[in-house]
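Both of the next two complexes hold subunit A, though its partner changes from subunit B to subunit C.
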Partner chain A sequence: MNKLYIFLKYFFIVVWTVFVVAPFLWALTTSFKDFQSVNGGVTYIPWLDFEPNLEGWKVLIKSPARGGVDIIEPYFNSLFVTCTASLISIILGTLSAYALSRYTFKAGFVKNNDITFFFISQRIMPPIVLSIPFFLFLSSINLLDSLTGLIVVYIVLLMPIAVWIMVDFFNKVPREIDETALIDGCNPYQAFLKVVLPNSIPGLIVAGMFCIIFGWIDFFFAFILTFTEVQLLPVKIVALNSSVTPWWSLSASALVSVAPLIIVAFIVERYLSKGNLSGAIK
Partner chain B sequence: MNFKHKYFFLFPGLFVLIGILIFPIIFVVRLSLSGWNSYNPGLDYIGLENYIRLFTDDPRFWESFFRLSFLSVTTVILQYVIGFALAHMVWKDIKFKRFFRVLFLVPMMTTPVIMTVIWRTFFHESLGPVNDMLSIFGVAPKWLTDPVIAKFTVIIVEVWQWTPFMFLLLLAGLLSLPKEPFLAAAIDGASPVRKFIYVTFPLMAPISIGAIIIRLIEASKIMDTVYVLTSGGPGTSTETSSFYIFIKGLREFQMGYAASMSFTYLIIMIISLTIIAKVLTKLLLKE
Partner chain C sequence: MDLVANNLSYKPDDQYHLNEVSFNFKEGNLYTILGRTLSGKTTLLKTIAGLLTPDSGEIEFDGKNFLKVPVWERNVAMVYQQFINYPHLNVFENISFPLKQRKIDQTVINDKVMDALKSVGLVGFENRKIQELSGGQQQRVSLARSLVKNAKILLLDEPLVNLDYKLREQLREEFKNLFSKGLADETILIYSTTDPRETMELNGEVIVLDEGKVLQVGPAKEIFENPNSLKVAEISNDPPMNIIEAKISDNHIKFEGIDVEAPQHLSKLTEDGLKIGLRSSDIELNENGHEFEVELAEISGSETLLHLKRGNTKIIVSIEEVLNFKIHDKIKINFKIDKAYAFHADGKLASSPFGGLNG
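Let's look at the complex of A and B:
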């Protein structure tokens, strides 16, 4: 019984590992192929099946005028939009979460939980519902196809995540520490900045990670609200897919775009193993 | 504590969110009562005409909605079962525990559309590795151009992408469980299966409900994957609600009609998710 269980366990883990890794391996080998080795039948092993070359990687940094793809600018655009929107969402979300965790609000039948739910429920909103008004709205104030417009939209996507994680986190930070600070003569803002925030760094990091993930992986809004002036990385890479598909540069650019968040996976795992996530996710 | 300060903490975030959202939502409602299209752009008033058309004369919308329900419920069930299994396996000591934990998290960190582009080459019918390996058995499924199989391709990609999120939520839950019930079960000499059924699973019920609902919310938006993988095709066989609204609104520029569809879609989403949440709570938390 026990042996069978252990066998099944490792069998399942191995199968899933193969499934997880397969597309990455395929992308990695494909990125070193050329036209011949992609279109002449399926090949797997470099040197044995096909002669590897670096063309797929080289075009990534060439300018479009010289037949390249130039993903550097979209890369920094993506990075800038994601980080700015995450930062704003975290700051505003943390303040609101602190208020919702420490004070009681009551306006008619609306109580703390309802306000928290209002924040979180914004995730239910299908992006398509917002996309049409945002499209018309941003074009009327000339923010279509601009970084600012995207940041505004991303705040709506990310702030609910920040509030969701931080409310639960602040609920775990003992109230006594802010009360002590207040007795010691701090005003509430000082108490928040000097005492509560330093004690909430793990929560802030987790919330930040989640904001960055969900900002970085968004495609839909970038796709609808930007065209030529500003291009984000996912849109650029998907656009590669439409023409005669250069599988090698496609694979190389996909790997480049995926790389930074692998670091995030390590950080998330670290906080998971320390038990800091368990309070945040409930 | 002091009364006034609390508003300074709450209001910046709340008002920014409301400020950004209030206009779009009111505008969608108003737009849905207009006949805005590419010939006639403008907010005229045509009453409920769009809604009447939607409810009486547009089977394609309802088909896409049922397809969406099928896809999201199937993927979430699969993600829950696999995610729970994986979380349970790397919960206690196994070799290379942390390596597997990181590895199982990686897919959710990757941009869905970009990975879908890779999946497209992966499932390519003549040049992809899947059909190359399957050719040993003499079969070559049409992953992207067969109406039935294409749905399963979408499911496979979605499961790959989002099982890690389920895994993360459930593992975080498992790690936060109290130790005493497990000690008691060990003293009673319960077998692993009985321990799972009578201790682990009941303790995980609230977290499971939360995780399933979070994933259902996210899955109800399936759109990116479909757009890149099949563009809703072949025919309309993988078209989801979002994608259909996208085609009507931002491809054919029938803004008014698309707005009425998106408002209806939003209302259906809120109602059905509330019902699902209630039912799940009843089912799993019978005390």
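Let's look at the complex of A and C:
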């Protein structure tokens, strides 16, 4: 029974690993192939199955003038927009969430829960509904086709995620911890910074992770709100496609675009497993 | 430095959490707030700490309006019934937190924290994480954190209620030692509890609170001997005092066909609707006594609690030994009737064996 269990466990893990890793292997090998190798049937082993070459990768860094697409600038644009928008969303979202968790707001029939839902409702609407208002808004303040404009829009999209996760998290941090900090001589700001925030690191990390993922993978708004001056990575990758699908450079760009998320996943995993609040209340 | 409150009221919903509460607490004294759950004990402590603002009423400390002072400047300390510590800090950092907040010299902090650790018996635990401690140890840390501040007002909100029996006894003993050791000279100690025994053992000035209202104030002994009403008698006894509807005439107390001679302090009461109060410990098993039927027998620790019934009268008897009874067993008991209380129909004390009112 026990042996069967262990066998099944490892069997499942191996199968699952193949499922997860196979696309990466496919993308990695394809990125080193040329037209002939891609169309010549299924091959995986370089030098043996096919002759590897760096064309797929070179296209990504060559300037358009020399027949490349140059994703370097869009790559850093994407990094900059995602990180800035995520950081601002986390800061604003965390502050709003703390207020929504600890203080009572009332404006007519609108109460704390309604405000929280208002934030979440921004994500419930299909993006297409938001696209026209965003377009008109950005054009009215002259921020179309600019990094700043994209950051503003991404904050609107990412902050609800931060608020949603952090309200829930703060609700689980006992109010008595804040109160004890006040009694111990902290003013409300110090209580938040010195006591509540250090105990909210797991929540902050989860919220940050979601913001980065949703910011990084967005194609729709980047596509609609930018034209020539500024381009983000997902838009540029899609632009790679042509009448003859360049599988090699698409694979290479897929790999470089997924790299930051893998790094984030590794960092986050380490923090999430710690769990910081278990001893707060028994 | 006195802590004086006048007519504190707090009514956040349709119920009073505090209803016209007034008191005058003097430094160097221990005050016990006794009341059932939801009687407003925590609300009162939080109001004193400044975490809640009453709807009306005043609090003065040292002659100054306390309500105008924000929590973080009040110099109070509070221990919660849940074991509240800062989970991201270790034991030493937890205890030194309030001192660091005051920007005191690090060597002074070290000395004070070590003293506090000594007084709660946690020397050697400085570098432990809070999560690695047992409930009792966690509560000691939060006690140490409140001791280290030398606060003028120390609030303890049912600090022992979440601990197991053994630890509770032990920590209560330590509390008593701490309170008697100099700490009390310049501090106003306010201790809230639901437990009458704890109240009696701490032996301070007792404030009986119910539904946000102060029912009686007095030394523990006075509350025990002369509860001024049925409610106080219920709250200040565990198990609650037995209340028997009886009639007194011709020097005899009569109920459910039982007829006992009235003791002197009850003999003059002849009014209708009189209620006789008798503690569960003032009833004993006796072969020649009155027959009652066992409804439930529970053994708690080394004593047996018998829930008995005769006609419409239900009583609880506690006996200091472990006895086995079955439901519906008939047993005979005797009342130590000279220990009986009498209450008027409106619940006010009519007479007590310790000389309250008519006695």
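Simple rule for what comes next: the second predicted complex is superposed on the first by the 234 of 282 C-alpha atoms of A that agree within 3 Å, B and C clash if a C-alpha of one lies under 4 Å from a C-alpha of the other, contacts with A are read in each partner's own complex, and residues count from 1 in each chain.
The rule is simple: contacts are C-beta pairs under 8 Å (C-beta built on N, C-alpha and C of every residue); 3 or more make two chains touch, one makes a residue touch a chain.
Only a predicted model underlies this, so the values are computations on that prediction, with no experimental measurement involved.
Student: Report for A:Asn199: first if it touches subunit B alone, second if subunit C alone, otherwise both or neither.
Tutor: Second partner only.
Student: For A:Ala265, using the defined touch cut-off, is the partner it touches subunit B, subunit C, both, or neither? Pick first, second, both or neither.
Tutor: first
Student: Could you say whether A:Ile71 touches subunit B, subunit C, both of them, or neither, answering first, second, both or neither?
Tutor: Neither: A:Ile71 stays clear of subunit B and subunit C.
Student: Quick one: subunit B or subunit C, who's touching more of subunit A?
Tutor: B
Student: Figure out whether A:Ile177 sits in contact with subunit B (first) or subunit C (second), or with both, or with neither.
Tutor: second
Student: Quick one: is A:Cys186 in contact with subunit B, with subunit C, with both, or with neither? Answer first, second, both or neither.
Tutor: Once the two structures are laid over each other on A, A:Cys186 reaches subunit C alone.
Student: Does subunit B (first) or subunit C (second) touch A:Ile165, or do both, or does neither?
Tutor: neither
Student: Could you say whether A:Leu150 touches subunit B, subunit C, both of them, or neither, answering first, second, both or neither?
Tutor: neither
Student: Show me the subunit A residues, by the header's touch rule, that subunit B contacts in one structure and subunit C contacts in the other.
Tutor: Shared contact residues on subunit A: 182, 187, 277-282.
Student: Which positions of subunit B touch subunit A when the two form their complex?
Tutor: Going by the criterion above, the answer is residues 1-2, 5-10, 12-14, 16-17, 20-21, 23-25, 27-28, 31, 82, 85-86, 89-90, 94, 98, 100-115, 117-122, 127-129, 132, 160, 168-169, 171-173, 175-176, 191-192, 206-207, 210, 214, 217-218, 220-221, 223-224, 228, 241-242, 245-246, 249-250, 255, 258-259, 262-263, 265-266, 269-270, 273.
Student: Any idea which subunit A residues touch subunit B in the complex?
Tutor: Going by the criterion above, the answer is residues 1-2, 5, 9, 12-13, 16-17, 19-23, 26-27, 30, 38-39, 41-42, 44, 92-93, 95-96, 98-100, 102-103, 105, 115, 119, 122-137, 152-153, 155-156, 159, 163, 182, 187-189, 192, 213, 216-217, 219-220, 224, 233-234, 237-238, 240-241, 245, 247, 250-251, 253-254, 257-258, 261-262, 264-266, 268-269, 272-273, 275, 277-282.
Student: Which bits of subunit A are touching subunit C when the two form their complex?
Tutor: Subunit A residues touching subunit C: 174, 176-177, 179-187, 190, 195, 198-199, 276-282.
Student: Under the touch definition given earlier, write down the residues of subunit C that touch subunit A in their complex.
Tutor: It is residues 46, 49-51, 70-74, 76-78, 80, 82-88, 97-98, 101-102, 129-133, 135, 138, 142, 145, 149, 162 of subunit C that touch subunit A.
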